[in-house]
Amino acid sequence: MNKKQIFIQSAFTENAIWSQILGICSALAVTNQMKNSLVMGLGVIFTLALSMLTISAIRSLIPSRVRMMAQTFIIAFYVILVDLFLKAFLPDTSQQLGPYVGLIITNCIIMGRAEAFASKNTPLDSMVDGIGAGVGYTLVLLIISFIREIFGFGAIFGYQVLGSWWTRWSIMVMAPSAFFLLAMLIWITEIRKRKRG
Amino acid sequence: MKEKTNFLESRLYPVVFMIILSAILTLILAFSYQLSKGRVEMYQELRLQTNLLSLFKSEIPELNDKVIKENNPVIMNELYNKYLVSKILANRPDYQYYEFLDNGNTAGYVFPISAKGLWSTIKLLVAIDPEFNQYLGIKIISQGETPGLGARITENWFQEQFTGKVFYQGNSFNKLQLIEENGNPNADQILQITGATVSSKAIVAGIQHDLEILYNQNFSNVKVD
Amino acid sequence: MEINAVVIFFAAIFTSNILLTNFLGMCSFLSVSKEVESSFGLGVAVFFVMVCTTAINYAVYHLIMVPLDIVYLQYIIFIIVIAAFVQLTEMLVERFSPVLYYTLGIFLPLITVNCAILGVSLFMVIRNYSFIQSIAYGGGAGLGWLLAILSLAGIRQKLKLNRVPAGLRGAGITLIITGIMALAFIGFSGIAAIQ
Amino acid sequence: MLEKMFMKQKVMNRVLYSLVPIILYAIYRFGWRVLAVIAITNLFSVFMEYLFVHGQKPGKISGAVWVTGSLLGLILPPSIPFWMAAVGAMIAISMGKMVFGGFGMNIFNPALVGRIFLFISFPKQMGTQWNQPFVGFPGGFVNWTNPQALTAATRITEMSEKGVSGLRDLFLGSIPGCIGEVSSLLIIISALYLVFTKTAKWQPMIGGIGSFLLFSFMFYGADPLYFLFAGGVMFGMVFMITDPVSMPKHKKVIWINSILVGFLTVVIRKFSSFPEGFMFALLLGNTFSPIIEYAFKSKSGRSN
């Protein structure tokens, strides 16, 4: 497989959220605004890319008995870097995301990719795979948050695009809508999969 | 070469590996933390200073919307040092409040106050004149109310309507009342946010409750007869 | 304003259910809720681990991390505490009570990756809870999670014979049920506040 | 044509008959606009169900869709914008019913899923704007809608303290409120009809109303009847808690569930930030009753 194929496979065909139902906690929580989703997505891409690179680079050194522990360590390391960066440069967003940045650590996507790909492949391939998975994840976040923000606030990325005639759907900024929208997304993917055979 | 593989399989190796790994990672983290620390603190201070200063926007000639928007740390810090001074309550050494100075004279106080909203604790700053007669303004610092409903307490019109409302009149505290959003408020009335009675009530009640305690315990001597 | 620990406890169960309003612990919530018995087992295990790790993390945070100024390492340290505690519990349960091990122990490894556990520790720090408040929050959040997964398992049990549209079977319909449960739980809002 | 498209369901027809006087009374009180609201909720319910069953076997639309449509229409405020009524109907049928497998499969009461969706989405239109009822004859029969509106959301608790309306008005229904919820008298008559024709079970009605009265008395002290006739409790206890599909099957669990719903209604009314509690209470009842029923089944299974 070349790098492009790896990327497409992990971003779309095996998209963690809609085809493997992984990492949805944060997918649901930060999608009430597109800006939060984008920042969260970038954080995940960064963490995924670098931790896959690191894990793959030292994969022959990691003793098998503490493999999970070591992987968690490396992931947590990058998550803390992201957290420090957000606190220093995007303090408002950091406050809005609250604990969800820290929860990237327990995001099953990352552990999943580390186990399934990075521990068996070369560093560069792993990094591409990580970026792919992160991009796929960000894409889903942006789709859900787009619907939630346009219905809930009449806005895109905080810019008011629908005028005052628009009746805001407050359910879209609250928890239940996230569940419904994710269900719809999974449904649509399943239907398309079936049609393709 | 042979020795190395032996060590990699030894029982000690995982421990050594983890120690080395965590040492390296922690070292890098400690370094980046030191780098970012100053910036984080600077941001927190800047935000507080901007919030405090914007409460007295009409009284500070150097301050206008453009300056607030630019939010230059140096300018804000200068203005802060010129107009505001932080103080500590005698009976509560952990409670910090602020005094607004106009040409060296006390022209108002600012108190950080928290109110119990529908979903969250709402934190806000309340400015009041030195004799505790009327509110000079309020500023919501943080809140977690329903977006689109309760969270509308951060809209300017809602916060600005407190300016000039009476806190203490004659010999008693004045109770503010809430009326419908599209109504015409008189001097004692606050327009509440439609569909978010709890959040609106929380702010009015929280401000009055905390300020009355502060007045009774620490400031009952400020009245000039 | 100090909030009573009892209020926090009930708020964590009903008004701010960690799963239905904070979306935490979804992965195992979706996969385990097929059967009532295993949901109950996992729920109880989550409750137990949540209370204990919140207490330990509180102590670690205030006695070690704050004095040493290493609060920024909280993610790493909390997750180590949780992993170590789960490991230890698993060993103890296996050695001393084989019965308990087969009913609850098998769920313990699932818990390290349950983000609700780490989430509770992080919320505890963000909201500045005292020790008692933290325990109450941990207990409430655990019970709330148990309540949610049990109700869901009951509904899925009832749903087994239904002709759910093909693409929705499994995760899809479970998310919709969870969404409707979240709608119902909104009814509790305002009864008690969490912070 | 109609027989090809719709299933025949006598039980559902009887529920619809029992709603006719309530709808007529609503027109008298609030004007012809309410009939338009009910027509829209029905139309969009049928449309949504058609989308789901279209092209499938047997491909017929259930008669129950009219019940859901009409019930949803009756628990909306008279001034609800038409498009919101349409959204509510489509959510009710899709999210409340069809995704669970369609007729006879729903876990939650579909009309309530639609109503709560609207209530959470549009709190202003759903909970703060109430039309004043017409008085005297011919009242609403010669009007489209009453322009006089009350824009305050009065908590039921405060209503009794201020004496906004008397017990008699509440009972007869000359009060502002949701389209079908105002007249407790007519609802009781419908309830009797439903019980005597064996269309609906009496146990959940009695259990729910009884527990509601008991707990209102405990929490409020006086006047439990007043709280029963105000708001949507009566309507829900007669037409919604008795929904044969989402209701538990086990006799004892029916009782437990209805008592729980009555209790939760009072708790939510009294302590939460919402003025009305029944809709949330029943949805919570729907959430908890399957697991309660499961517990009962496995217990009796073991003892046998």
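Each chain carries a letter (A, B, C and D) given by its place in the written order, and its residues are counted from 1.
Basically, a contact is a pair of C-beta atoms (placed from the backbone, for glycine too) under 8 Å apart; a residue touches a chain by one contact, two chains touch by 3 or more.
The structure displayed is predicted, hence computed values, not measured ones.
Q: Quick check: more C-beta contact pairs at A-D or at B-C?
A: Ranking A-D and B-C by C-beta contacts puts B-C first.
Q: Nearest chain to the global Cα centroid?
A: C
Q: Suppose each chain is reduced to the average of its Cα coordinates; what separation in Å results between subunit A and subunit D?
A: The mean C-alpha positions of subunit A and subunit D differ by 41 Å.
Q: Find the geometric centre of each of subunit A and subunit B from their Cα atoms only, then give the gap between the two centres in Å, rounded to an integer.
A: Between these chains, centre-to-centre, one finds 32 Å.
Q: Would you mind pulling out the distance in Å between where the CA atoms of subunit C average out and where those of subunit D do?
A: Chain centres of subunit C and subunit D, defined by C-alpha means, are spaced 34 Å apart.
Q: Subunit A: which residues touch two or more other chains?
A: 69, 73, 77, 80, 84, 170, 174, 176, 180
Q: Note the residues in subunit B that touch 2 or more other chains, in rising order.
A: 29, 33, 118, 149, 198
Q: Using the touch rule from the top of the page, what residues of subunit D touch 2 or more other chains?
A: As it turns out, subunit D has residues touching two or more other chains at 95, 117, 120, 123, 273.
Q: Quick one: in the complex, what on subunit A touches subunit C?
A: So the residues of subunit A touching subunit C come out as 21-26, 28-29, 69, 72-73, 76-77, 79-80, 83-84, 98-99, 102-103, 105-108, 111, 174-180, 182-183, 186-191, 194.
Q: Taking the touch rule as given, give the residues of subunit A at its contact with subunit B in the complex, in rising order.
A: The contact residues of subunit A facing subunit B are 32, 61-63, 65-66, 69-70, 73-74, 77, 80-81, 84-85, 87-89, 91, 95, 152-153, 168, 170, 173-174.
Q: Tell me, which parts of subunit C touch subunit B in their complex?
A: Touch list, subunit C to subunit B: 1, 16, 70, 72-73, 189-190, 193-195.
Q: So in the complex, which bits of subunit A are touching subunit D?
A: Touching subunit D from subunit A are residues 167, 169-172, 174, 176, 180.
Q: Sort out for me which residues of subunit D touch subunit A in the complex.
A: The touching residues are 95, 117, 120-123, 125.
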